[in-house]
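Next come two complexes, and both contain subunit A; in the first it sits with subunit B, in the second with subunit C.
Our next item is the complex of A and B:
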């Protein structure tokens, strides 16, 4: 079905696209409730708003930092919708980010890659993160195919394992912890060599957008094409919609499930690599800090659409940056930002339901 | 023959009357402007194809649905049941198309279910069952568990569940679909006895043989409207059929007419010459299937199907047919036995390998196994060979849809276009699409079709069989599994009968041997 776009006043055009209008209203409503909450704990609302704006779009730095955050959400979200096409629910983004971060750190620090040409110095750590993330996802797939383990359970539990594995890595001097010179040495890795850090697009730290952005755009296109234009995308759908009939038609269930969850894991691992090589530079406890779960929510809200994931990822990226700044400047607890984010999710989901009922009475 | 069903002089006040009843589901009118009368003492048949609105009509009478407009009167009073409980309280009982029995419980407990409060009076109930057994010829062991009973006996339980309430109006929705030939005759006899006691019976069916035998009056539904009726059904049968299928009886495919019960069953021979050399294509030997509880579902099944031959597998459902087709399709492992297709061994091969070897499968469960209902018609027609429409991994959707369009033409699949969602098609068109996919396998040598006409209307039945016969004439070996004996007698060359997973016997498909085959279906060795 083709949607005929008619030129007209802004409101009319919005009315023709109730999904977009509904989403905007939902976000606005959640923001409003957030402001009421902020006022109710005694923080000046104008102060909070200005801190939020500063943290999101106040400077080139904050814009770039927000977009860099969005990349991780987007990658995990792409993985989620890809696996979801085969009716698989990957809730393991958090662990996949963690193992990706571990792999990238290990290769960047101890892989003797910093002298390599052609960008291999950062590409190899990224590749390591992708491979390990894919293996982490595939593990859940193999459990599902061989033993029927529900992937929601297995990916979630593998997340805990990944997160605690990372904790172990940065606590143990035998693993990735930096050499302990005094008892005050923090439980974290060494900073990775400059050559392994992701090159910045502007070449300047005042606008720290890195090459992860074009890479993510390419991946977005690949995922969108894979899902909608290829035979493989069709087979993913068939397995998702009716695994029995797909099997009868000669489409391998096991292979499809392993591919889908491994891809989701690979994208999670890559997200971890971007976070480490492009932003944090040292691996420490709390590295994944909920990015995997937020990315999962971005995927859920997108309901299978790549552009939807991008929109949700940007929303979450800017929210997180703004939230951090609100906490630092206006003393608004981050917990409140999380509450608002939760509200957005609920109102968006509610709005979708309402719109669907409205469109198809 | 008239467009109205209550044309005879009003001999008695109607027990139930419907006036201008309309029932919509969303924008779809399941029933529109339906009027009819049910009189005491009559057997009133509701005739119509699938989707004509028969079940909706029953559900309105039984209080499951409420009409959107129109008036229902029962015993000369306004009748607006708000649920089955209301209808039951007024003396209306219904036997549904699908059993509603608790399989772990005994007959008595099932009969008492929902009727008694406090202490269960099992003895009293058993005595009542004894009485009904004598009165209506419905013998049942009151303390047998449902799961140990045959399908026919289970239906008897459903019937006594109704009769024990002493209903004034007895509604049966397609009750004969699962029964053996003898059981059908017995059921019709029960209907006659119920009606002769001054009660009214509403019998929903699409089988003309039953109408000829038992109906006092008939109302024909098509597309939710009353399109015909008769109070002398046996004499008007051709007119009723014409109304039901909106077509000319004379142009009906012989096999379809015979399956419908319009003509006496007669064998429709195809081009297979008796002198043609026999080349065994499909060889199944010693196939045994045990389920996960260790119960043998298929027991030492051995059968060969020749090139250009149609072998029918008869039997009441649940006697191993599902397991047989699932194993042949590669969807279920066999415990023992071998399957060969020509020189190729297909034992324990994957569905993909089985398809590649040239075996087409029309599964009995179209929705669960035959299609991905939420995908498009074109995608479903080519689901097993999507790789033909790919270039560098990209799907050539234009080519896929144009090829699917050709298939729609060739197999008379009616839809708005190849891009429509499969689930929006009617059952008949869905089945034609599944058949098209399997029968056009490039190297097809054998086709296994399980219950290929279930739930299909006459036109679709004829289309399915003309395709199957055409394949057969091209030399394809065909294994046809069906619970409709008339269907097999019409189209098959040879029939084997399955009973409790074993082959009870086999014979050529000769309508004269109907009784013999019926007895084998009931487990009597010949």
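Our next item is the complex of A and C:
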């Protein structure tokens, strides 16, 4: 059975890129369902759309906030496709963001870094987040290599543990909770010192794009080159395709798996650091909520391509901002955005068979 | 620890283990047949929501339970179609279903309950079986449980017998271990796997209903909080055997019960550590405390003739 025998004129242009077309169709289908849902809960669709647009590109502030959001999704997504090249599925983004945020906060507040020159004041907290995130990811890798534990279940469980660690850190005055002056003291950390906050590109809070953006662009290039142009990328692919054959060819399975999952964890940790040092400034329970899964979905949608991750991350960043504004202005619950994301993932998962048949008839 | 306190601890361990037991046994059958359902979490959440709505709207928790069971079957069918017919990545499709359900139940909850959140919902009744229930100290504290727990025990016992002694059990096991042989013998691997996923959905729906109308008589957004993933971990911990899975679930239930037990005994341990404990145990379990794992040979792979 061939899926498309005679591509129509409109499809012809996309015929060479079935994966791209598939992703676009999935997003369009999910968005359509979203519109129907908005109408069915009795909200005017034009009102909802205008609130959505206002929240995404309505002001310089909303544009910058949406892009800042996308950075975390993109980093987790890069980690996902990197590990996925070795046929590993990292579902631990949520926990990796959480432990990254904890590490960044701890160093920013108590690491005596504010006086350091050359941006070390914010680079060291970021580095701490990367190291802790990498360790979190490597743990799942070691379990896979030593005991054959499926990394899906271990990264998921590690996610729950990371999220509860975060809760612990902000609840306990012995850890990162700010000193309790009254019983009404909120369970959150102190605000990090100004010197440890990420510098804004414009220097102005009305357009709060921070240096996480150029950093993420650099990382995108590094990941793209690593995957397509280096021996290491080839090793990942070899291990992913056939671990036994790769081992025979002298590629260490264990080392490759550890490196792949540690890199994914490091990028997740960095995402947590950017969120904390770049926009939130105080550590709160649930600050990572949903970001890890959105990043995972961005990685899934991208089907292995770095540009795909960037596109999906931007889509989700703007969708989240738009969704938040829809809730505030048009009383459409943000859960609607979650429904749309779930539909995108399911549609794409179900379409894989057709896309692959189309690519390799 | 006094005997009274110990009895309360046992009773709450059983109560907290029940949803894991129900969902875990269903998932074990499905994994034996070769299909991994990451969507157990979403199935449980669907049923928790539908059962709460049904019980609240009709005033009859039995109708709530029925609605919960019915609401999950389409989702189980979706998972079965994705895993078997469309040969989708089972992990990805399961997580997609979980995201969808989390969004959809949250949305529907706000629409239906709105400001009347925490509405009083009629729940399933508790029963105290004769003999066991008459044991001094322990009778009431341990054995007075929601009837769904006892129904679950019976279903689990029947499942164990069917898997062990019947051709159906053999077919399920073979569909996961040697699908080609099943195919050659004239049975349909696809049909067996569809049935196994639908059964997992049925068990997950009992588990979800237990959470909302059996245990706490209310629905909260995302109330499963990872219980579905714990159920999957218990299958791995239990080495894909009924007895092992049941023990793993009881262990996770006891670990959860410590949250309430230790403070009652005046032992102060950080609350977060206790909430984390079942997940930590599960991680250690899947990470090799149980030795090298013996998963069904074709677990997670779609069958191609």
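Everything that follows uses one rule, which is that the second predicted complex is superposed on the first by the 317 of 361 C-alpha atoms of A that agree within 3 Å, B and C clash if a C-alpha of one lies under 4 Å from a C-alpha of the other, contacts with A are read in each partner's own complex, and residues count from 1 in each chain.
Just so we're on the same page, a contact is a pair of C-beta atoms (placed from the backbone, for glycine too) under 8 Å apart; a residue touches a chain by one contact, two chains touch by 3 or more.
What you see is a predicted model; the values in this text were computed from it and never measured.
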Combined model on subunit A where subunit B meets subunit C, clash or fit: fit
First (subunit B), second (subunit C), both or neither touched by A:337: second
Contacts of A:171 with subunit B and subunit C, given as first, second, both or neither: second
Subunit B versus subunit C as contact partner of A:248, first or second or both or neither: first
Winner by number of subunit A residues touched, once subunit B and subunit C are compared: C
Contacts of A:300 with subunit B and subunit C, given as first, second, both or neither: second
Angle at subunit A between subunit B and subunit C, C-alpha centres, nearest 10 degrees: 70
Which superposed partner A:149 touches (first subunit B, second subunit C, both, neither): second
Contacts of A:160 with subunit B and subunit C, given as first, second, both or neither: second
Where subunit B and subunit C come nearest after superposition, their Cα distance in Å: 7
Subunit A to subunit B touching residues, read off their complex: 225, 229-235, 237-238, 241-242, 244-252
Touching residues on subunit A, where the partner in the complex is subunit C: 37, 41, 89, 91, 143, 146-150, 152-154, 156-158, 160-161, 164-165, 167-168, 171-172, 293, 296-297, 300, 333, 335-346, 348-353
Residues on subunit C engaged by subunit A in the complex (per definition of touch): 38, 78, 81-82, 86-89, 91-93, 95-104, 106-107, 110-111, 226, 229, 232-233, 236, 270-273, 275-276, 279-280, 282-283, 286-288, 292-293, 295
Residue ranges of subunit B in contact with subunit A within the complex: 329-331, 350-352, 355-356, 361, 363, 368-375, 379, 383-384, 386-387, 389-390, 393-395
